[in-house]
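The following block contains the structure, expressed as structure tokens.
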Amino acid sequence: MAEPSPETLETFENPFPERNYLIETVAPEFTSLCPKTGHPDFGTLTITYIADKLCYELKSLKLYLQEFRNHGAFYEKVTNTILDDLVAVTSPRWMKIEAAFTPRGGIRTTVIVEHGKKPE
Amino acid sequence: MAEPSPETLETFENPFPERNYLIETVAPEFTSLCPKTGHPDFGTLTITYIADKLCYELKSLKLYLQEFRNHGAFYEKVTNTILDDLVAVTSPRWMKIEAAFTPRGGIRTTVIVEHGKKPE
Amino acid sequence: MAEPSPETLETFENPFPERNYLIETVAPEFTSLCPKTGHPDFGTLTITYIADKLCYELKSLKLYLQEFRNHGAFYEKVTNTILDDLVAVTSPRWMKIEAAFTPRGGIRTTVIVEHGKKPE
Amino acid sequence: MAEPSPETLETFENPFPERNYLIETVAPEFTSLCPKTGHPDFGTLTITYIADKLCYELKSLKLYLQEFRNHGAFYEKVTNTILDDLVAVTSPRWMKIEAAFTPRGGIRTTVIVEHGKKPE
Amino acid sequence: MAEPSPETLETFENPFPERNYLIETVAPEFTSLCPKTGHPDFGTLTITYIADKLCYELKSLKLYLQEFRNHGAFYEKVTNTILDDLVAVTSPRWMKIEAAFTPRGGIRTTVIVEHGKKPE
Amino acid sequence: MAEPSPETLETFENPFPERNYLIETVAPEFTSLCPKTGHPDFGTLTITYIADKLCYELKSLKLYLQEFRNHGAFYEKVTNTILDDLVAVTSPRWMKIEAAFTPRGGIRTTVIVEHGKKPE
Amino acid sequence: MAEPSPETLETFENPFPERNYLIETVAPEFTSLCPKTGHPDFGTLTITYIADKLCYELKSLKLYLQEFRNHGAFYEKVTNTILDDLVAVTSPRWMKIEAAFTPRGGIRTTVIVEHGKKPE
Amino acid sequence: MAEPSPETLETFENPFPERNYLIETVAPEFTSLCPKTGHPDFGTLTITYIADKLCYELKSLKLYLQEFRNHGAFYEKVTNTILDDLVAVTSPRWMKIEAAFTPRGGIRTTVIVEHGKKPE
Amino acid sequence: MAEPSPETLETFENPFPERNYLIETVAPEFTSLCPKTGHPDFGTLTITYIADKLCYELKSLKLYLQEFRNHGAFYEKVTNTILDDLVAVTSPRWMKIEAAFTPRGGIRTTVIVEHGKKPE
Amino acid sequence: MAEPSPETLETFENPFPERNYLIETVAPEFTSLCPKTGHPDFGTLTITYIADKLCYELKSLKLYLQEFRNHGAFYEKVTNTILDDLVAVTSPRWMKIEAAFTPRGGIRTTVIVEHGKKPE
């Protein structure tokens, strides 16, 4: 499998750009590698956004997320990187990612990042 | 079955127009077809609104939603279209639709659209 | 059983009128008849209020709600009527009723009505 | 879409015929039409079996079940028919289908059919 | 509404009499009156049976159960009576009714009655 | 309140003695006192039985259980005593009591006692 | 057991008075008597507060709440009284009590009282 | 704290030795140390038994289990040891321990040990 | 990462071979590749066994299961293979694996395989 | 094990200091000793913060929290102390700790402390 690259992400035109509406995508099968131990990490990504001109296409999002399968990255880094990639490709009015990882050593971590200010 | 048409929707007079009150309708048996693959999609629609002069009649809403059974439409399109149709027929003071679709490829999507500004 | 009448409702003096506090009553065994089909409807009423001088007495509330057992009324009508009756009898500072009915034809409806503005 | 036909079902060779083991398939997106009213029915099928020489292929099972989408059939009939079709195509050592349908008129029905005697 | 009578129950021919299979019907909106206090009782009936030549028709079952709405009967009596009526009309190979009533005075009761011996 | 006494328990004639059927009573508001510390204990009693000639009356059961409110008794003792009292008064074909107490010192206890052998 | 008295309540010095922080105490084993019927009531108290100079000591809170065991009081009265007692003894910056009682006659009640304005 | 020793366990006479009844004790706050890493392990112990002449006293059980707090032991060892100790002290007719440990490295383990044959 | 090999699995001596006791290991982070599409599959493995002379060591089990991460295998094949490998290495008195995979195309599959006959 | 000391805590550089984002860490295996009774306390810590220049390293956090294992501290004290230590080491823009302890004497306590004002 390839390394994660925003070029994998495809978009389509927002069919209702005149309306501020929410799209929420839940991807519970995210997995990457811990750069320190090499062991797999697992988590659930919840991506919520208000599109401007472009929406990401779901199948390409799935392929993009699969590219992290054999990629080493810390929780904080991987979540911010995915946000940056999705923002670069879709230029949304607002976007938030909540990444909830499964427990390690009895402790579990969630990272929540946001781009822009949510329109009321 | 016929194609989806707002003409299927019937209305009745709001019995308490002097009060801003919420009506919430949950339709967990919504199904349409994916326009790309032809496979069925399934979801739960939650429609919430504050009626002005008219309420939609529940049996006609059910028939209207059933008309999507053999109709091809993307998540974002179908949700916005249903909102537009319900708004056209009932002219509510405020309306919101939350459409939660079942997972495809391990990923699930929810689309949330809103018409007007909810009165306090 | 008698027809629904606010006269069934009894009250007692609010023991702490100097304080704005919430009383919440959940009645999950509400049933009335559908005026169109004659079939029974079932729902859960959640009544929340801030009393002024009077509280409703719980046993009389139960008897009042039982009077709807063989009474025909649409969801929107019955919820607004119960609010009007309770307001007429207790003159609360604020009151809200949330009526969640069980599914019919795969669709379920909740009606939420409010009287006055909730004090902060 | 075509009418339901066992010919849609494809099989593959049981990779471990020397062992009696269970395969359970849960299909929560089954839908057909009520032959009396024409309205859609919805249900979850749980198919459990011990294969002999053949297993059904999952994608073809999905297509076979989709063929019921515009097909009229009562609960008892449709469940027995699916069992008969799957048995005809795979000749399992044992098979059970539990079909749990969503409520209609406040009443919900489950049909449980079995073929053969489960080996201990 | 009429008094409960087995004559309300309609049947149809068991479409697969050569197979011993289970039909389970869950009716969560059962209500009758307490013969001592006149107050309504509420419960969920779960009827499970193996039909012989006849199945009960679901709409007629619903109407039959609605006839208990203004009928006074103790928990033990009403459950045994419904079993007797359903057995009289359908002559099943085996039938079980589990009637779970809602709490009264902080105590809740379930009555479980059975007709015949369940075939293996 | 009085001390617990089987004389508080009233019975009525089993309306269907020709049938072995189950009656289950769940009493989640049982409370007694710890004889060692004097602090209250709390638990949920689940009584299941097959009546012979007599059933216990529910209101009298409630009063009987309330008599333990200021009575000191260990878990094992109180559960066996209630079984003995109920058996003495109703002479059932079979009876079981499961008493699940709330945690003390982070540990929770359940006592399960049975009278007779459950008829098949 | 003694009658409820705020004198049972003991306090200790708030170890971090320079910080506005929340302490939440959940007591699910509260019981008192209904003054009308003499029957026991059961409920869960959730007490949340921001201490000023004093915190209540947990063991003494438990003993204070146990003093209601054989004390008659209506829901609204008992909740307000406990708030008044705790405020009198600890003079908190802010305090809230939510008392959720178990159902009686199929209806359950929650009373929510508050002292002071919660600091942001 | 001391090392785990069966001498910490105290017993009392079974108040109903003439009856085979179950006592179930759930201790969700068990913790010991991993002998390999020195890190703490956590688990829930469910002990079920039929006493003969002696029952273990709950407070002494709690103290006995606390003695494992700084004691190193593998899952399989610790569970079998506790069973042996409890059997040695109470000589039960039958006893079972289910020890469910929290996940380590994404994997969780449960050990289930039994002494004697459960009487019917 | 290496290809799956039973040589990764390490064992230790069963500390209580004189007792038939159960060890249950739940591994919810299993992932492999679909040999047809190349897309990842995800599932939860529940392994239960009664050891004879040897137990598998948990850390080596984790490493063994991780070796399936980039390995293509169908559900039925992968489950039977893991059972065969674990049996080869530990020669248990009895072993069962339940592999519950996440939904694909709205359908989810569980495979349950067993080795030997569970001793009573 | 050592006494709790902030020196155990290690940090790493916040990889995205230009963004205000949330990191939430849930540690459900926290245990300390009650200073009055010497008995163990158990709780779940939820730490949420917005890092400035430094993040705490998870493994060192785990070791730091383990140092409370044989340390005596009251609920309010231990929660405020952990907040102070984490703030001293990471100087976050905002931090909150919610410590939910398991029930003692039927009563459970949660302490919620906050440092700084959460940026919008």
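Labels A, B, C, D, E, F, G, H, I and J are assigned to the chains in the order they are written; within every chain, residues are numbered from 1.
Here is the rule we go by: a contact is a pair of C-beta atoms (placed from the backbone, for glycine too) under 8 Å apart; a residue touches a chain by one contact, two chains touch by 3 or more.
This is a predicted model, so every value here is computed, not measured.
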item	value
Identified repeat of the A-J interface (over half of residue pairs identical), from A-H, A-B or B-D	A-B
A-H against H-I, pair bridged by the larger set of C-beta contacts	H-I
Gap in Å, rounded to a whole number, between the CA centres of chain E and chain A	52
Centre-to-centre distance between chain I and chain F (centres being mean Cα positions), rounded to whole Å	45
Whole-Å gap separating chain H and chain J, where each centre is the average of the chain's CA atoms	31
Numbers and ranges of chain B residues touching at least 2 other chains	28-29, 39, 42, 102, 104-106
Interfacial residue positions of chain H with respect to chain A in the complex	39, 42, 102-106
Interface residues, chain E side, partner chain C - complex	28-29, 31, 39-40, 42, 66, 69-70, 102
Interface residues, chain A side, partner chain B - complex	14-16, 19-29, 55, 58-59, 61-62
Sites on chain H touched by chain I in the complex	74-77, 79-80, 104-114
